[in-house]
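Naming follows writing order (A, B, C and D), and every chain is counted from residue 1.
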Amino acid sequence: MIMYLLTIILLLLIAPLLLSFIKAVKMWLLYKKPVSLFQGYRNFAKLMHKETLISQEASQITRIAPFLVLSPLLVTLFFLPPVVAGAFYVSFVDAFTITGLITLSTFFLMLLGLDSASAFGGMGSSREAFIAALVEPAMVLTVFSVSMMSGDLGVGQAGVNLAAHFPEAHMASFLFAAISFFILLLAENGRIPVDNPETHLELTMVHEAMILDITGVYLAIIETAASVKFVIFASLFASLFLPFGLQFAAPVAAALFLVKLFAIAATVAFLEVNTAKLRLFKVPNLLGIAIVFAFLSLITFYVLGA
Amino acid sequence: MFQFDTLSLVFIALIVLGAIPNFFYSWGYLPHIERKAHYQLHYFTFVLSMIGVVLAANALTFLFFWEIMSLTSWQLILTETKEHKTIHAARFYFLMTHFGFVFLLLFFLIVTDGNLSLGFEAMHSIAARFAYPTLLFFFVSLGFLSKAGAVPLHVWLPYAHPQAPSPVSALMSGVMLKIAIYGMFRFLFDVLYPWPLEWGILILVIGSLSSLVGVLYALSEHDIKALLANHSIENIGIILIGFGMGMIFDSMNLKVLSSFAFIAALFHAFNHMSFKSLLFMGAGSVLHQTHTKNIEKYGGLIKTMPVTAFTFLLASISITALPPTNGFLSEWMIFQSMLGSSHMDDTSLKLAIPFAIFALAMTAGLAIACFVKAYGITFLGLHRSSNAKHAHEVNFLMRAGMILISLVVISLMLFTPYYISWFDKVLGSLGHTTVYTKIFPDGIWHLHSVGIRGGVVSPLILLLALLGVTMLLLFGYRTLGVKERIHRTWSCGYRTSPRTQYSATGFAGPIRRFFGWLYKPDEHFHKTSIAGHKSKFTDAHYEVHVKPLFEKTLYDSVGKAANFMSYWVYRLSHFEQTRYAAMIFNLMLSVLFSYRIFAHEFSWATLLLEATVMIISVKVLIIGDKK
Amino acid sequence: MMPLLLVLPALIMFIVSFIQSEKAKFLLPLTSFAILLPIVKLFMLPKPYALLGSYLVADRLDTYILLVSSLVGIGVTLALLTLDKHVKVSASAYRRFYRFFAIFWIGLSISILSNNMGLYWIGLELATLSTVYMIKTNHTKAAHKEAWNYMIVGAIAISLVLFGIILMYASAKPILGEDAMRFDLLLSHAKEIPSPFLFEMGFAIATVGMFVKMGFFPMNLWLANIERASFYPVAALFSGILESAVIIGFFRFSQIAMEINYTHLFGFVFAYTLLTIFIVSFLLFRAKDFMRLFSLSGVEHMALIALFWVSGGTFAALLHFGAHAFLKPALFLSTGVLESRGKYRIAGALRGYKGKKGQLFWILVSLFILAIISLPPSPMFFSELYGFGAMIETAKQSDHMLAMIGAILLLLMLLSVIFYRFVAIYQSMKYEGEEEEKRVYPSELFALVMFALCLAALLIPASLDYLRSIV
Amino acid sequence: MGVDFLIGLFLATLIVALFTSRLYRLILWYSMNSLTLGILALLIGEELHDKAMLITGIVTILIKAIGIPYMLKSFSHRFHFVRQIQSEIKVQHAIILIPAILVFTFYLAEPITHMIHGNANYVAISISSLFLSLLLMMEHRNVAPKIIGFLSMENALFLLGITATEGMPMLVELGIFFDLLMAIVVMNLLFHKEEVTP
């Protein structure tokens, strides 16, 4: 139980760090002076001290949505697979619930975008809605396929099962599912090539556009939500698609887990540096790839048993 | 004449739960209606007839109440007839429901041997002896699905529902469509059991198509009630997916999974009743205040109509199947039952089911986009017209109606195990396996899927966790004592105004563009450019209309064919003004010929000869020479 | 005694119609009420009751039809009282109408009650010829032309019927001698007829004649045109009564033909009525005035009755017959009021009625219109249920079940075209167009109320049981 | 022998009537047609010793061969009928049509020959004369020839009644005559307006 709570706290704590890490790696790769790894915490602390500026056009939604953006994600943290063997985990919550919780957070984020009556917020929400609609089927299919391989629909249990019995017989479909899930990770967290989290350029932004009118503590909450979301996806990827190391002793296993998370972050950073942001109407192509891989994964599992 | 078995009683509960809040709402809505006596007479008869349909124990009673239900709902659509559209919609609705009635009639006539006062059990044995059970299945599905609004018989919904007064649309969409689902349950279980595998697959395909088509056209709608009507198509599709899965499992002898899928379908029927009623009521309140159905003319209503806005939000979250709402639970159950397909032996079917999963997931994704649009454009931002500016909260009765139905939504969320135990009893009474103990093996906290190593969801824990975390965050925010300042929206240096906001058309733009091949939208774009510059203009107007593909291809062409036929028949008929003797002459000749050949002795050669003679005779005597 | 009693009111009417005074106008309807009394008496008598040897025999079927017809006749004469408020009609034309109505009634009674094919034909011819002149009571060019039309087409049709009768007679004469004209004997000896093909040919020719007279394929519009040209009470008479004389002949002939070869009979009637309904439904799709609309729907219902009868749904056929006989005249009578703004203006026809009378009128008329497309609780709803039930039964027993069910489906689809049209028209009458004030007179209202009561009486369980016991 | 001859004559007069383009000539042929029918009835009645048939024959001759043609002629005087009646169907067509009708009616009646012992050809001939009268009606636009067509149809019926069934019951025949007279009365009333072409 203690391990369980510790893991959650650890994940919460490293959430800003991971995003800063990606940024730093990117800058380093671009021969820039890397940003400090603690920039995320600094930002958070800075925002916490600011006053909150609320738009006069905005309604009650602006006052409650930030909390509702964050809270489903926080709840999700409790349902992730264990990091070390023997630790407590919530075995039964399945991936649909997790997907649903993440979508709930996105739902309120989109409402938040529309609430301030600015053209940018609406634009961001519209694009986010478009992307989210296409992410949903890929996500569900991937989850389906992974749960087939792990033999359990519960995410926590699936992580444990995969660590115990690596699905060597189904490597092909496992790989397809991993590719699909990685694309989803990029799409859901608004990374390049789907969204560029660093610019505030009208043509490119999605996530930033929605929160253009959010300031102060609210912005801190939203930013935290974004980083928690990334951690959730990263740790899901680590537990489900890199399922090894659980059997080691607790500190080693935890360290290995952290390494995996940073490796994923590094990969994302590497990808971001090497690709350009896609035009909005090219995004479906990418998500289409995710959907096709998810299908392929299921079909190879069924037909070839591979 | 009447029967009170579990299935009937559960649907009575559905009607009552839907109707009682509606009474309040309708009462509050009444000052808005001109023909009050007409409206109330039909309204109450409508509710009673639905109860009658559900309780009917023989074909005659069933058909009688069914027909009364169609008649009264038709008259209710015609409550306000200022617009020509209403009259058109009512006519179309009436035609469609009778299209279905024709098939129901045929079905009943076949399975009752003409004795319409036969009970349903007696029909089973007659149906079992009938040589073409699939024909019966087609009749039943066409009959009920045209009422339920499944593809391709769904076209009437986006016309009829918007034109009816809002309490009536709430009842029609929330409750009446479920009566059709009741029909599916009643007659597929009582009369047509057992089912071949193909039937279930057909229902599954119809369900998947309906859900996708419904949500796609909902996205392109600007009329808020038409949008909701399209969502009804989607939700009926989801119910049918559950229903179809149940049928498939049953014919593959996976009884437990089958019961689970049917329970999911029933549960979704209840959920859809609750939130769709609430949504229509909310839309009705908005409409009542702003006097327009055009979503582009709303905006900012949350400030003036908080009760409407928050109940609408609840329903929106529920209909988009977000946890921990009831909508999520039923959709989760349907997903889980589809995941149960891994237990099946049939590989090709196993491969096909992911497509249904894909359809359902896609639907869920698009539904979110759609309701963000509906909610955001209607209630958030700045008012987009002066009508919206002067709106205020509706009267007490209407609010009471909305609050009551949201209580129903919440009760479905909180008392899920209780409701499921009802549905389980229904399945038990219909002779299927009861699975309540498998769904809730350890108390009411965890809802288990019945597949091997199926998923689990704990609605109450989720709800409590979400509430708790949010409360904690809010509490933290309060204790932090953050200073707040109100200022106008920063919009990159521009002033925000109602005209600079994102419109519903714009919001759905990316999706409309992506599905352009399906929508084939009819776009109108006018701009007044300055000095021939392409990008500089003073004034621009963009409008887009989507006419559903099914309507364009299926319905319009049927209309055209009827027109064409009637034109030629009319032309032919005018021969009888001048050539009547010749007509009778040819008629006599052909009747005698046919008697000679069909009643006496048949041979192809003589048939050919006689046909030639007839053609020549018709040409010479009736048509004559061209002048 | 009884035959005389039956004819007496008509004779009195005939005589009164020569009296040239204003009072005759009110005396004449009174005599028409007297028609009912002997018929009710006849209705009470035990059946079968020989009125005139073997020539006129009253059984359950024909007294029912006679009763329905007399009620319709009374309703029509009631409405006639205020005909001059809607159209220009001279007193002499009015009397002439009654003169021929008396002859018509005698002919009709003979043909309905006859047990003899020849006598049946004579009565029918008498009724047909007298209607020719009833059409002409309307002194317009169109009415004159249509009277001629009716004269000629009616004569052809009637001749065909007689031709068929002679052939049928010829086929049975070797075994029955001169008695081969009697319906009851023919029915009981149908299986022994030595030359069934001759009989069938006769049946086919007679049926074609009768169908043409009722406006089946291909003569679908002529009846509509005639009813358009004549005064609307005449149209009501046509649809309510004249057709009943024809259809009872069809009932009787087909009963015999059923014994001879059911498959041939069913195939023939089914194909013919299907064709008729096909044409009629698409004609109705374009119909733009009330008369045409109602008379085409009359054709449709006659076709359905014939179809129900031959498929064994005799109860359904009789119920449908009764419902149609009351509904259609009621609608024709109300066209006088509905059309007071012009023939081709359907929009708004049901609006603009003030006062209690007006309210009652429009409610009744809208109920009638909805009842004619078989919406519950119209008797037609039940009769169609039972009728189609009988058809499905026949289909199930035949060798071509799927084809038959397909054909029934087609039939139902065609009926939905009609249905669609009527709903569109009803909505347009009720909800479109402008409101203009229209007058309703008590006599018409009385007629409508009477028809409504008759319709309601049809649905009483006792009368349903009676209808079941007829055949 | 005599019967066959008269039937032939009956058909011949009908066919000649079809080619006539003058109203009076048409009435004459109709009268001839009825006359042959009357004589036929008398002849068969004589053979069968059927008094009813004899009466029919005499009434036929009196009413149809003399009475009705006379009345029609007087109508045409009184109401100024068009006496030049044009045929709608081309002669070329009629030449083909008439034999075709005869052939096909024999073909239609062929099954009956196996069934009844009497002369089935009589049935065929009456059906063909029915068709020919219908043809007469459709040939002309004016009302007068149409009436004659209707009357010849009545003759065809009688021919059937006399030959195929060897006489119908007396009551029926008289009733038919009564109706015929009634028809003439009604026509008279109708003509009172003017001669129209429906």
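By our rule, contacts are C-beta pairs under 8 Å (C-beta built on N, C-alpha and C of every residue); 3 or more make two chains touch, one makes a residue touch a chain.
Not measured: the values here are computed from a predicted model.
Highest C-beta contact pair count among chain pairs: A-B. Averaged C-alpha coordinates give centres for chain C and chain D that are 31 Å from one another. In this assembly, the C-alpha centroid of chain B lies 67 Å from the C-alpha centroid of chain D. We define each chain's centre as the mean of its Cα atoms; on that basis chain B and chain C are separated by 43 Å.
The distance from the centre of chain A to the centre of chain C, with each centre set as the mean of the Cα atoms, comes to 78 Å. With touch defined as above, residues shared between interfaces to two or more other chains in chain D number as follows: 108, 111, 134, 137, 146. With touch defined as above, residues shared between interfaces to two or more other chains in chain C number as follows: 149, 152, 156, 160, 197, 201. Multi-chain contact residues of chain A (touching two or more other chains): none found. Under the contact rule stated at the top, the pairs of chains that touch are A-B, B-C, B-D, C-D. Chain contact summary for the complex, chain A toward chain B: residues 48, 51-61, 64, 67-68, 70-72, 74-75, 78, 92-97, 100-101, 103-104, 106-107, 110-111, 113-123, 125-127, 129-130, 132-137, 139-141, 144, 147-148, 151-154, 202, 212-213, 216-217, 221, 280-281, 284, 291, 295, 298-299, 302-303. Chain B makes touch with chain D in their complex at residues 579, 581-582, 584-585, 588-589, 592-593, 596, 600-601, 613, 620-621.
Remark: chain C residues 149, 152-153, 156-157, 160, 197, 200-201, 204-205, 208, 212, 217-222, 225, 261, 264, 267-268, 278-279, 282-283, 285-286, 313, 370, 375-377, 381, 385-386, 388-393, 396, 401-402, 405, 408-409, 412-413, 415-417, 419-420, 423-424, 427-428, 430-432 touch chain B in the complex. Those residues of chain D lying in contact with chain C across their complex are 108, 111-112, 115-116, 123, 126, 130, 134, 137, 143, 146-147, 150, 153-154, 156-157, 160-161, 164-166, 168-169, 171-172, 175-176, 178-179, 182-183, 186-187, 189-190, 193, 196, 198. On the chain C side of its complex with chain D, the touching residues are 55, 116, 118-119, 121-122, 125-126, 129-130, 132-133, 136, 144-145, 147-149, 151-152, 155-156, 159-160, 162-163, 166-167, 169-171, 173-174, 178, 181, 194-198, 201.
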